[in-house]
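Letters A, B, C and D name the chains as they come in the text, with residue numbers starting at 1 for each one.
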Amino acid sequence: PTHWVLTLSCPDRPGIVHAVTGVLAAHDGNITESQQFGSPTSGRFFLRVQVASGADRAELESALAPVAEQFDMTWSLDVVGRAVPTVIMVSTAAHCLNDLLFRQRSGALPIDVVAVVGNHEALRPLAEFYGVPFHHVPVTTATKADAEARLLGIVEESGAELVVLARYMQILSDELCTALSGRVINIHHSFLPSFKGARPYHQAHDRGVKLIGATSHYVTGDLDEGPIIEQEVERVDHTRHPSDLVGIGQDVEARTLARAVRWHAEHRVLLDGKRTVVFR
Amino acid sequence: PTHWVLTLSCPDRPGIVHAVTGVLAAHDGNITESQQFGSPTSGRFFLRVQVASGADRAELESALAPVAEQFDMTWSLDVVGRAVPTVIMVSTAAHCLNDLLFRQRSGALPIDVVAVVGNHEALRPLAEFYGVPFHHVPVTTATKADAEARLLGIVEESGAELVVLARYMQILSDELCTALSGRVINIHHSFLPSFKGARPYHQAHDRGVKLIGATSHYVTGDLDEGPIIEQEVERVDHTRHPSDLVGIGQDVEARTLARAVRWHAEHRVLLDGKRTVVFR
Amino acid sequence: PTHWVLTLSCPDRPGIVHAVTGVLAAHDGNITESQQFGSPTSGRFFLRVQVASGADRAELESALAPVAEQFDMTWSLDVVGRAVPTVIMVSTAAHCLNDLLFRQRSGALPIDVVAVVGNHEALRPLAEFYGVPFHHVPVTTATKADAEARLLGIVEESGAELVVLARYMQILSDELCTALSGRVINIHHSFLPSFKGARPYHQAHDRGVKLIGATSHYVTGDLDEGPIIEQEVERVDHTRHPSDLVGIGQDVEARTLARAVRWHAEHRVLLDGKRTVVFR
Amino acid sequence: PTHWVLTLSCPDRPGIVHAVTGVLAAHDGNITESQQFGSPTSGRFFLRVQVASGADRAELESALAPVAEQFDMTWSLDVVGRAVPTVIMVSTAAHCLNDLLFRQRSGALPIDVVAVVGNHEALRPLAEFYGVPFHHVPVTTATKADAEARLLGIVEESGAELVVLARYMQILSDELCTALSGRVINIHHSFLPSFKGARPYHQAHDRGVKLIGATSHYVTGDLDEGPIIEQEVERVDHTRHPSDLVGIGQDVEARTLARAVRWHAEHRVLLDGKRTVVFR
């Protein structure tokens, strides 16, 4: 049997789970994991089910389609553990890229990094050590549109379904955000919504906070306002310079981003307006 | 409609969720929360469902009974938020009792403390401030059997369904453990299985650990070995004396015990052999 | 011998520690704890020393005075563990008041709560259970000046050195902030600078953050901008309503405030401009 | 001026700090960081001072020697930030090695990895990517003595001052432990003293603990009993298989080991019998 993961969302009303599990039971499906959530704020219902079944994709899809239509579902079906083709974008900071590539090789992250794109050359050796093609796509104000077109080309040619901004120090245009909506994950080096914008660790130091953090979120045209997937903090004290905070923060950033990417790749993150439902 | 919580466990096999949700759908049940788990080690399946339905208890029970029999289920049905009648046992340390009584009054803990039993008089004023009867049941080696009989009497007469050992410094007999099996929650002042037995903070200090903790568990005849419900730790360093650790630990103990009691009272804790399934 | 705690700050330059420890050694002082920090941003040096010495206050003060003058020090000398006279101000939420009073009675907090002031009557019984006088000082826009005058009177008559706003839901006037500068500690129910202002848990819910927190800070005329003493967070997920966040947050608030009050009362918090140095 | 770090321990008595700071002041030393601790259990005093001074090593050492003799000090003097020559020993698990090498290259870890020694070949490519010589030293019961002699040879020839066991799955002989006493740091994949010995994650799963952890400690002849430098935990729940715990644990292990190595290399860890003093 194949191990399937089904995710769906729809307006909440009685009978959804019974209808879906009925289809699965009719295909000798053995549910191995199931999580659901009815959002009182949006009125939507969210479901993620892992099910082992001898049925193939066509059988399941055609059996689920009428139910999906009846309940007005947005839904997707994937094989559990399938490595999601992914492009990672970087500038010069290596910590997030190193962490993602190492986890992928260790089998801890169900992604297949098909390309690394950098606006600097600095991280080419690291990408190539892991056998991943590195594309140098420099960006200036004058060349931004061309650079983004080239990026979009790389995404399309490589079949990437996910783009990870691993401390990529450029702001994507609204057009690119729209073209890749729901498929771009960023790591912001602050505990959003605190310290939006540039040099967040310096802002944090000035304010004298006792915890610093990182936020991984989907990228939207609204800078630093996209739906939050994961956040993490670390304790600091008065002895830490801004440069110390940068170093301490890098661990938090790498960990936070890796979790967000894993949950996305495992279809554990569903969008509920500007918020996320995360079935950990 | 009434808001019901149904918990069950049974040998794992396909169709359980579909069967149960079918019964609930047939009674116009609107599922507000649902969690499930198939234990690969024990082969058992666990389910907790909150469902709003106009059906009364008799209707639901008679509809669920055949399904329960078919799948060989252990199950229970309760009203969400019903305050569980609870006896709290104490010695002289006030922090856990104070925390539980305060949370109950605040509405943060769905228990109804029907009695506090102390083997010392020290905590009578605190119990009485919260309007809870206090029973002084001293224990010596000679009187232990009588004291336990009296305790069991208090539990039975008060209709208590749960007994919480809130730093009660006496070991219960095997007979009492058996009589109250699955209904007694203890807080142990170490991160079990480290530092079993007496004076765990002194043991922790001698060993030079960098984190101290607390463990809340069901009480069994096998001392400090009952199924763990919740654990928590706190960072310490070389500057802390054993007496400091006691003070730091009290916060952790109170928090850990309160969580375990809340989860138990909300029917979120199910037993899987010597382990627990906690549907947080 | 008496156990003294000396705190000081001054412009940083070589020889400070040697000069101070010279005075202490000359009075047979045995240093039991010592922490220091040179702030690279402000250029100031901070020192906290605990020292056991047979010398009395007059002897130590007159010996330290020339050194203090030489290095242009701001300094204070106190007896370790002296209970700091404290006024606690409340509205209707009991969790912080209960926590502070319980810790004081347990000997875990070196404060002496000389009065509780409430703009509602709700918490009178709790204060009186702990034997603390309760003053009902209602506040309306019309009576605010009078109410603050009365508060200041209570502080002065009771000899209070510290005022703790334990979820007191009124904003102090600039005049009062100035009069009590450096002596008023507040607990704000968000992880500042996120979610300043009203209803922070609702703001946090809307933004979909994955951690909520609390911030204890000195009160200044600049609302929610005073120097931060301590912050703490707790993990939440999409299932939590704003009302759940309020409940989860109360634990974090009580813990965070208790730590800030203890550190202040133990002379562990020194001001470095808008930031704090905390010698934990 | 050179930035020196001085660490010392001696029997506790008045005047130590004054004497030491006197020597430093006499060499125009500007103290940038200073921490001290008097251990009530052992009666020993511990000091770590960072000081910027124009004096050279010979001057400082000859000025400190008489003070050291007077107070019966064990002491050492080093340049702040000097990279400590280090040998890392591995088997097949890459996560700790990858973490240490990446941090070294990033400048976040003041060590100079002069050799990686593996009892398998698996991690040769990773070592060589970072430009570090890899030595394959297989170990069997028959060849253990020879293998340890070869290891000791590598340590001596490379001038290594520190040996890090980065998930090296062999037990060192008593002789080797003695020869390298205080210079070997291990990472144990449990929250010691829980789950000593083999397969700790499986033990943890069987016991149903709610937090798993890792412990970094100095290696002594007494297995899993050496002085603890750092510990860390991570929350888990009933859904995690032993194999999940292994994966979750690897992050904790890498982080815990990196902190212990950094603190050791920065001379922040001093031995107080079977416990450590860690001046973080």
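Just so we're on the same page, a contact is a pair of C-beta atoms (placed from the backbone, for glycine too) under 8 Å apart; a residue touches a chain by one contact, two chains touch by 3 or more.
Just so it is clear, the structure is predicted and the values come from calculations on it, not from any experiment.
Common partners of chain B and chain D, by the touch rule above, are A, C. Between the chain pairs C-D and A-C, more C-beta pairs are in contact across A-C.
Over half of the residue numbers found at the chain A and chain D interface occur in both copies, marking it as a same-residue contact. Among the other chains, the CA centroid farthest from that of chain B is the one of D.
One of A-C, B-C or A-B repeats the interface of B-D: more than half of the contact pairs, counted by residue number, are shared by A-C. Annotation: 37 Å between the Cα-based centres of chain C and chain D. Work out the mean CA point of chain A and of chain C, and you get 41 Å between them.
Residues of chain B in contact with two or more other chains: 239. Taken as a contact graph, with one node per protein chain and an edge wherever two chains touch, the assembly is complete, since every chain touches every other chain. Per the touch definition, chain C reaches chain A in the complex via residues 37, 39-41, 191-195, 205-211, 213, 227-233, 237-239, 241, 272, 274-278, 280. Against chain D, in their complex, chain A makes its touches with residues 33, 94-95, 98, 102, 106, 108, 129, 239, 247, 250-251, 255. Looking at the complex, you find that chain B touches chain A at residues 13-15, 17-18, 21-22, 24-25, 28-32, 34-36, 38.
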